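Just below sit the structures, each encoded as structure tokens.
In the two complexes below, chain A is the common chain; its partner is chain B in one and chain C in the other.
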Partner chain A sequence: MAIGVKVMKRPSDEVSYIRATLKGMALTFKHMFQARVTMEYPEAKSTDDWRIATRWRGTHRMMTDEQGRSKCVACGLCPQVCPANCIKLVPGEDEKGHRYPLIYEIDEFRCVFCGYCQEVCPEEAIHVGVHYENAEYSRDRFVYDLERLQAQTHPVSTLWDPADPRGQ
Partner chain B sequence: MSDELVSVTIDGLPLQVPEGTMIIEAAKQAGVLVPHYCYHPSLPSPAVCRMCLVEVEKAPKLMPSCVTAVAEGQVVHINSPAAKSARQGVLEFLLINHPLDCPICDQAGECELQDFVFQEGRSGSRYDDYPKRYAPVEDFGTDVLYVPNRCILCTRCVRFMEDVAQDGVLEVYQRGDRSYIGMEPAHKLEHPWSGNVVDLCPVGSLISKDFLHRARAWDLDKTASVCPGCTQGCNMTVDTRDSTVVRLRPRPNLDVNRHFMCDAGRADYRWMNRGDRVEAPLHQDGGKLHACDWDTALDEMAALIRASDGSVVLLASGRAPCEALGWTMRLAGNNVRAAAIKVPIGPEAPIGAIPNLALRAERAPNLDGARMLGVSTDWLAAINAVKGAELVIVLDAELDDADIAALSGATHLIHFATAVEPRLAHADFVVPIATMAEEQGVFVNRDNRAQRFLPAKSAPGMARSAWWVASQVWRRGGEGRRAPGTASEAFGSLAPFDGLTYRDLGLGGRVVATSPAGAAR
Partner chain C sequence: MSPLEKGFLLLAVVKMIAVFSMVMVGVALLTLMERKVAGWMQNRPGPNRVGPMGILQPAADGIKNFIKEETRPVSANSFLFLLAPALSFIPAVMLIAVIPLAAPLPVDFDTVLPLIGRVAYHGLMPIAVADLPIGFVFILAFSSLGVYGIALAGWSSNSKYSLIGGLRASAQLISYEVAMGLSLIPLLLISGNASFSDIIARQQQGLWFIMPLFLSFFVFLISGFAETNRLPFDLPEAESELVAGYHAEYSAMKFSLFMIAEYAHIVTVAAMVATLFFGGWDIPFTHWDERGGLLQTIVTHGFFFAKMFFWIFFVMWIRWTLPRFRYDQLMAVGWKILLPLSLGYIMVIAIAIQVIEHGFGWTDPRAEGLSLFVLNLVLGWLVFWVLDSGRVVRGIAPRARSAAASGRGN
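Our next item is the complex of A and B:
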């Protein structure tokens, strides 16, 4: 038995690719005049209506005094409060009798970025930073020593403010 | 103080206490701590700090509870609004000049000012306009630093030196808010018990140079122990941080050392942190000492002892606890030709006002325990007996050159050692044992008081307690012998302590009778 083939006859204006192309291009070109919702990340890091929250908690920064020494007095509260146990601190005394950290190291791999260290610090020395670009070529570079913590320049976190819970 | 009991009510709790008890002590029995600074149970009370003021019904004013004796029918309110506001006022006055340097203060975490201000102090000061008094840090000599800024003038240190040490070098100078604790320029804080002022100081004004910045109070693990310094046997607390001993402090025991401990005892902890420890049993193999496992070492030692059934000499350290001495003696059995502990001798240093408390001349904590266990103190006789003895057991003794020379002639030598001793490389066995900071044990002090000490840190490598090693070797020496499983059992199975357990001793110790054995029970 011969196979019967039914040929559908559609109106040419319905099946024309020209029409579909124009429709698609219209949508594309329409976006050129709309507000931009993305950012070209490595070149642009913030836009007018979006930037990283000031209460962001990223890699640490140690604040220094006018003489460039760290403000830390090695009181031992941050290693005590740290839930991840990532802060190593050995206190010492300088020739003037000031207490200061001989060793201050933060293992950023272990850190859970809770910000308790900043919250507990009585000298406002250690801070979590508004910073997220931490790539390194080796793992051991993720243990930040005192020199490295002092050399950081990024802004520091405001933490969560109960008076301004939504960070506005 | 008589035996008459009086009834008082403290914060609503009816209580019967002996007549003449001060309210502050009665309150302790009621489970209430009256905040205080100048009062200390081992010092006379001057009632200068005004911190312990309590409300006593029918009394016209608040009473200082440290010098007010209880009376029949007295009703005391410690936490009434009047008493609380008085304490809050005292705290506010103290904080006028006290610096808020808790982050760098060694006392933070165990500071009574910090505790009480946190507990019931005002949230702010009304004296912010005035600059705080400032004076530089002073070196008081020996181990004590004085930080005048932090001083709250409780005068505990002055009274300790004056009334307890009876060497009144500390005085309060000037008056009013210019007062400070000082010394005549010719004087120094040199009394052998002067380190106690550091513990007595309720704040961080008198601090230890040795402990300065070493650890924060909350980093420390505290273990009850007994000082191994002399035959006095002061109770102490071993403070460790990360398994390193950083400080020794007195532990109150009214029958032995009250609240005090001498400077020599405090400073004597560095040997507990030694790094050159023996960590595995060593036996002779091909003319040299080689490490082996415990089973090999124990079996070979048992074989050596069985084969040599001759005369045995035991040379022990004065720090060896009863368990170690008793079980090595039992291991030697009836063949003991001589057994002695080495007793270093030093100058005696009494504290002054407290009878029967001194740094004793015999610097061996277990002298009387050794005597009870049949170990003599005649070291020379024991050394002379080495020649001709078949087996010498050295129990961690501190050996000088003459001792080493004598030991070179020993036929067989088993060295129970904590630290490596290259001069005894000819020993048949070197057995790694724990120090007193790493094991449980008992010292018997000069008043026949058996006192326990607890392990403060872990022993290095394969090191075990000496009693465990000795009892395991002993068990291999004959049929039907059972080695003790615990230190308490090892202690109780020794003849002079017949059946006593650690639980019987408690942490305050217990006087054991010298003879007959078992009478202490």
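Our next item is the complex of A and C:
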């Protein structure tokens, strides 16, 4: 025997081949008549025992105020914290001295969905969303601009709360 | 050419086209069935998107395979690379040609057809493309041809995985071919003829060969699995070790041909088990099916199909139950169990037939079958008792155990 071959000690007296095979076949046959557990996705998006987590971090959503403007004050924290460097922010200032984003774009392909942007935002403006159906026909559709981020309607992620670690 | 010869040829062509298209469609549907059965056994619904209940899935797969890009490795031997899928496909499909699919149909016509002139046929038409007197030998010969396709595919792809797959396939098929051929000798001893029609006729007079020749059936079934290259014998493809084994470098329709060959092999093995051990198209407990007629042909074909279908299902059932063998275990099963078992069985059956026919003088097929059946009960129990308790396929366990025992002694 070659050196270093691991030798398994198996209970060779209790070994069974034919009985074990028949047992296995009985088991697989039984399974053919059991209930299917598949959730058939496009028709059913959640079942009684499964739904998407509220802390799911998907594509972003920009919150708006009552006048429909984005809540973002262009503080620059989210592009600063973003580990993937995928937020493009050009700040602007109106005549009253209110800062707002001139350009606010998120490249969802480069995003790693860490959720830091939502955590860091002082205005609770940018959020990661509970959303996963993002198919598009072209790559450039994945750079979401401000308008698009504001137009999203899906629920936003509830981030991890140290006071309530299990999210209940 | 005489009208009779023309009639024979015409019927042969018609049967050929019918059987070929049936096999092709059947194989396509089998791929669906396989995935459905796999799904059901794993509490999944299986493919159900294309068409009602997923029934059009094979069509979608077929179209996909036709429009996919054909790739060819630069360093592959292009002629053999092209030849290999054909070589594995053709024998697989040809096998079904000699198996009688139903009771012979009485045909009687004498007409003048356009272009070919006067054609005539009188008498029973066997429902097999070619009812060869050596059908049995034909099957053994052609089923071993399939290995050339696989071995060539592995070699000509010029890839290490393919090569290993091809080598494994040749070794495996050659080993199991021996056991397969030998396991059927007792069957020839009883039926005394190598033509499928006679084998079926003999089973109609006596018992289905599953009863008097149970161990033959056992060995044949296992080697049949090995011949189809399916789990638990799919060492040639072994996706966890060899990517996809001998067809790793193939794409599109060439890959499909290997797939079709595999499923055609399943059909053949199932049809052979049904024919050789379960009476073929015979309907048990009645002689109505032997009288001949259109209705009889249709009903017996239904019976044949049901038997075949069960064994096709069985092949899939096993696939989704058992894991793959280790290679040395595979060889051990082939050479150390199946081969001696079938050799010994030939001796026992030959002696038993001699004793029964000449010692006791029971030449009636049924009495002979029953006495062999009793013998098989004893033998089968013995063989299973030995096999089951792991006294044969031990691997390295006994050495480990004796080492442990000596360790205790010190």
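To be clear about the criterion, the second predicted complex is superposed on the first by the 128 of 168 C-alpha atoms of A that agree within 3 Å, B and C clash if a C-alpha of one lies under 4 Å from a C-alpha of the other, contacts with A are read in each partner's own complex, and residues count from 1 in each chain.
Assume a contact is a pair of C-beta atoms (placed from the backbone, for glycine too) under 8 Å apart; a residue touches a chain by one contact, two chains touch by 3 or more.
Quick caveat: nothing in here was measured; it's all calculated off a predicted structure.
Look at A:Thr153: by the touch rule set out above, it reaches neither chain B nor chain C. By the touch criterion stated above, A:Glu123 is placed in contact with chain B alone, chain C being left untouched. Of the two partner chains placed around the shared chain by superposition, chain B is the only one that A:Glu93 touches, whereas chain C remains out of contact.
Of the two partner chains placed by the overlay, neither chain B nor chain C lies in contact with A:Gln67. Judged by the touch definition given at the top, the superposed model places A:Ser138 against neither chain B nor chain C. Contacts of A:Gly76 after superposition: chain B is touched, whereas chain C is not reached. Of the two partner chains placed by the overlay, only chain C lies in contact with A:Glu40; chain B stays clear of it. After superposition on the shared chain, chain A has more residues touched by C, the comparison being chain B against chain C.
Considering their complex, residues 102-104, 108, 137, 212-213, 216, 218-219 of chain B touch chain A.
Within the complex formed with chain A, the chain C residues making contact are 37, 40-45, 48, 317-318, 320-322, 384, 387-390, 393-394, 396-401, 404.
Residues 73-77, 80, 91-93, 97-99, 122-123 of chain A touch chain B in their complex. By the touch criterion stated above, chain A contacts chain C in their complex at residues 1, 7-10, 12-13, 15-19, 21, 24-25, 27-29, 31-32, 34-38, 40.
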